[in-house]
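First comes the structure, then the notes that go with it.
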Amino acid sequence: MAEEKKKRTINRLKTMYPLRALVDGMYEKAVEASQAGKPVAWCMVNWWGGDVILRTMDVAAIYPEDYGAVCAAFGAAPDYLSRSDSDGFPTHMCGYARNCLGYAAKMQDLGEIPPRAPMKGMPKPTLLLGSGYFCDTRYKWFQALGRYMDAPLWVLEMPHPGVKESRQDGARARDINLLVAELRNFVAFVEKLLGKKMDWDRLGELVDDAIEMNRAWHEVNELRKAEPCPMHSRDFWSSMPASLYMAADPKVTAGLYRNMYDEVKSMAASRTGAIAEEKYRLAFAELPPWHSLGFFNQLAERGWNFVTESWAYHPPRPIDLSNISDPLERIANLTYQYFSGYFEDAFESKDWWGYFAHPYVEMVREYQCDGIVLHPLLTCRTATNHLMVVQDQLMKRLKVPSLIIEGDIVDLNLFDPMDALRKAETFEETMNHFRKVRADEGLLW
Amino acid sequence: MKPEALPYFAGIDLGSTMTKVVIIDEAGNICARVESHTGAEHRHLANRVMEQALKQADLLFDKITYVVATGYGRINVPFADRQMTELTCHARGVANLFPSVRTALDIGGQDAKGLKIKDGKLVDFVMNDKCAAGTGRFLEVIADTLGLRLEELGEISAKSKNRVKISNTCTVFAQQEITLRLSEGALLEDIIAGLHEAIASRAVGMLRRLKIEADVVFTGGVALNAGVVRAVKENLGLEVLVPEDPLISGALGAAFLGRELVRKALAEGKPLQRSKRRLSEATFFK
Amino acid sequence: MTEAGLSRAREIYQDRSRRARELRAEGKKVIGYLDIFPVLEMLTAMDLYPYRLLGDINEPVTKADACLPPVVCPFLRSVLDLGLKGRYDFLDGVAMAHGCEVGEKMAHIWQIYLNPTYAYYLDTPHTTHEAALKHHTELLRGFQSSLESFTGEKLSAERLEKAIKLHNKQRALVLELYNLRKPDPPLISGAETLQVMVSLMSLPAAEGNELLEQVINEVKQRKDGPAKQPARLLVWGSVMDNAALVEMIESTGANVVMDDTSTGSRAYFPTVEITADPLEGLAERYLAGLNSPRTFRETVLGESNRKDYMTDLENRFAYLRDYAAEWNVNGVILQALRYCDIHGYEVPGIKDYLDSIGLPCIYLEHDYSRAVLEQLRTRVQAFLEIIG
């Protein structure tokens, strides 16, 4: 009885499961491809441009940063980490990177996928694709992999302007041009490497599918503004990788998101929440503790519904691409929109950190959150740098409080759920208090 | 220096826990060896321990041709002619005891060191002097918690059949974890074995930053603990040599390095800089 | 101000902002810049005096804790901390660039918390791809337009060329100074050199050139230079804005005769080619010309399109072999700040390279505090004992 009750604490969407399965299957597909002599790419998240190109050229893509989370969850990370340590990589760096470097070292030693590698492991790649958003690790890590493998590395430049600078005359066009040029050059690089030509028509189709996939996914998340919120962050995190990592044919993924839209819409219509009693609406930033997601069930029992989260994982805000016909330009605009979609709001609010930080101000307002849980990570600077500014801006502008719970991406001992639950209790009083403050100040919720 | 006088060389290793002095003769025979607890006043202690060694060797201080000081407190030995790091000195000392050594692991009271040795000389090293978890300190703290003496730990762990895994790498959290395990009914010998495994795996993890080659020597105060020695062997997957007296390799190496420096200076016809100080207490801290 | 040459450099090093405050009082505008990617010539050409933002190793970080988590570069935290404590209140604005990840974020944090009158963020690309270089030129046009709005003046090609020549002159003088480190013993110590470099970063270019000329003359004639040491070292790595580490190394028994950091040769050796459109030459130098590990240099492909690791290392690090040969270096200190990812990822590769050319090296990680430097002394000494 108690087990059943626990299972129902958060209403998991039925349509989430097939989406999650798509991502789980990624590794096996890559191993099969490799065994069949087909090319495999290790990629950093590249926000669809690189992915559509690889998929069109029939290259199986896998994402070592996701594999880092997998290894951590399966308890396989410590072995790889200690190998990376003894090879001289400083220990303060990205846990996913170090996990992968250690994995690659072992793979080089053995000449094959290490035994006991979780999820069938990651096969030796034909090429590496780095990318340019947010963190230096995105290319330095893959550059360091050269120690253990001879796969060539392409780094996709991604323009990273400031809020004000992005509004200068010609700035947007200039930035899109760079993205397009880089994608074109990446195509040339892959053509040369594989000795085959790009099928531009097929690429166009995949680009359209990727755009539709993101649109459908965006619409699903818009429904979460409903009260009570019909979809919990746990379902977001399970369903998101299918789009961020383009784990399968985007047409298929788009279809699954459309199914999810129907399910969530009907729940919203019948005012069914993701949890039994929504007492508090929460946001979460950034990477969740993948290995301890059951923790959210315990919070759900207290009435905490997580209604929005992890800006970096969200699909881009809608943008009209109807008058752009070139596929590379279309996808480049989508990627750029992902990065700069909140810039206009940030500019109006004079909030100069337009990505990662300002979006939470908008998200918390749109989703009417009572609080946000901030999760600083010891070895992921990128997901941690902005959290104090987020805390500050949310309090200054919206009178919404933050709860800070520490952890790490691979050292799972650092996250203490017991301690977090204790803090949660106190935080409820804080949230209650600021509800009153907001009411007094005439803020909407 | 009169050429017909028989030279003697002294090495003094002023560690944070123990101070060691070794005197050797020109042929490399050990004429004296003294070990004493450093305590807080190591500045004064250096003189006293040196005096004890001289007594043992039946020598006066002015018979000592060259003194090399090493260890944590090496700059506080005013009568030393030269100070060299414990890394260089331990390498030399270990190579003297085991000429076939290529890799040495030294776990002391406060730090742990890995040494790569080639032809008797230090060629590379790693150090852990920031974190107590891979050092003798770890054992000390836990032994204290359990009301045991350090010397007992090796024997107790030998009885273990079902080693407890201690997952915390931080000394403070490990203490808590051990207390928890005890309350759950874990056997003392299994806990101690787990403790030894924790310190060994940490130390070997550090050592792996060097290219580990046989022969491997394990020295330093913690090498007196047979339980840790066993655990280190297991973690390395290699045979491990342990000196009879793991504490003196630093002072021994220092003495030999002194001899080397003197021989080199004579061969090159260059004068060797010597300390002008006599064997008396450091006067700058009265 | 009766000091000149080395003693003037020492004076400025100890009280960096004095000249900037004086000039500000005379009506000159001062723009703070972070790292080596903001284009200094463009500031100088607009009659804005570029002043490098540095930290203070003697000031414990307190205020920055509220804006930046502790697990980031301690140098940047110190810079921000000084800003929040008003130590940079003499600036009229700041120009920052995408040097490294946290450096980029500093640009946003600085704007939010310090609200400067003028602030510009230059999104320097990360590769030397043709498209990236072209893009960089366009980015500089955006910077130009912003400077013109701020000053109300036009940045003509003539003004820019004049500034380029002035800064190139400084680079040539720095090289001349560094050449004085080639003899054995070097005529100027590593610590003294760093004091001169920090002074350059604190003065307008023309005054910096004057100081360099004085220092060069003085050093050429001095009789009280550093003593000869068996170890001649090159220090590579993270930004070093104070002489503490170099002093520790030199006092342990070495001459630091060369460096590869953003406060030394890395920042000052590459020159600008004057092109028809001067922004092109600047864009080239400030991306491809600057040899920093934050810039991804092409994977060098061997036959059959596979990457060859050793060739790739050679492509990235061969300049170190040249420095070692020219400055007669027999050991390399790899130093990096804790939490510095850019340099952290380089360490195994650069060690492999130095190993392959038979140059001994040691990696030291520190955290921008004097206490840790003392702890590192034993490692430095052991290294010297190995190579000695």
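Chains: A, B and C, in written order; residue numbering restarts at 1 for each.
One rule holds for everything that comes next: a contact is a pair of C-beta atoms (placed from the backbone, for glycine too) under 8 Å apart; a residue touches a chain by one contact, two chains touch by 3 or more.
Being a predicted model, the structure only gives us computed values, none of them experimental.
The chain with its Cα centroid farthest from the Cα centroid of chain C is B.
The highest number of C-beta contact pairs joins the chains A-C. As a whole-number value, the distance joining the C-alpha centres of chain B and chain C reads 41 Å. In terms of their C-alpha centroids, the spacing between chain A and chain B amounts to 50 Å.
Annotation: 35 Å between the Cα-based centres of chain A and chain C. Of all residues in chain A, those that touch two or more other chains are 87-88.
Chain contact summary for the complex, chain B toward chain C: residues 84-88, 121-125, 127, 129-130. Chain C contributes residues 375, 378-379, 381-382, 385-386 to its touches with chain B in the complex. For chain A in complex with chain C, the touching residues are 87-90, 92-94, 97, 130, 132, 134-137, 139-141, 143-144, 146-147, 149-155, 157, 159-165, 168-171, 174, 177-178, 181-182, 185, 192-193, 351-354, 357, 376, 378, 381-382, 384-389, 392. Within the complex formed with chain B, the chain A residues making contact are 82, 85-88, 413.
Only residues 167-168, 205, 208-209 of chain B touch chain A when the two sit together in their complex.
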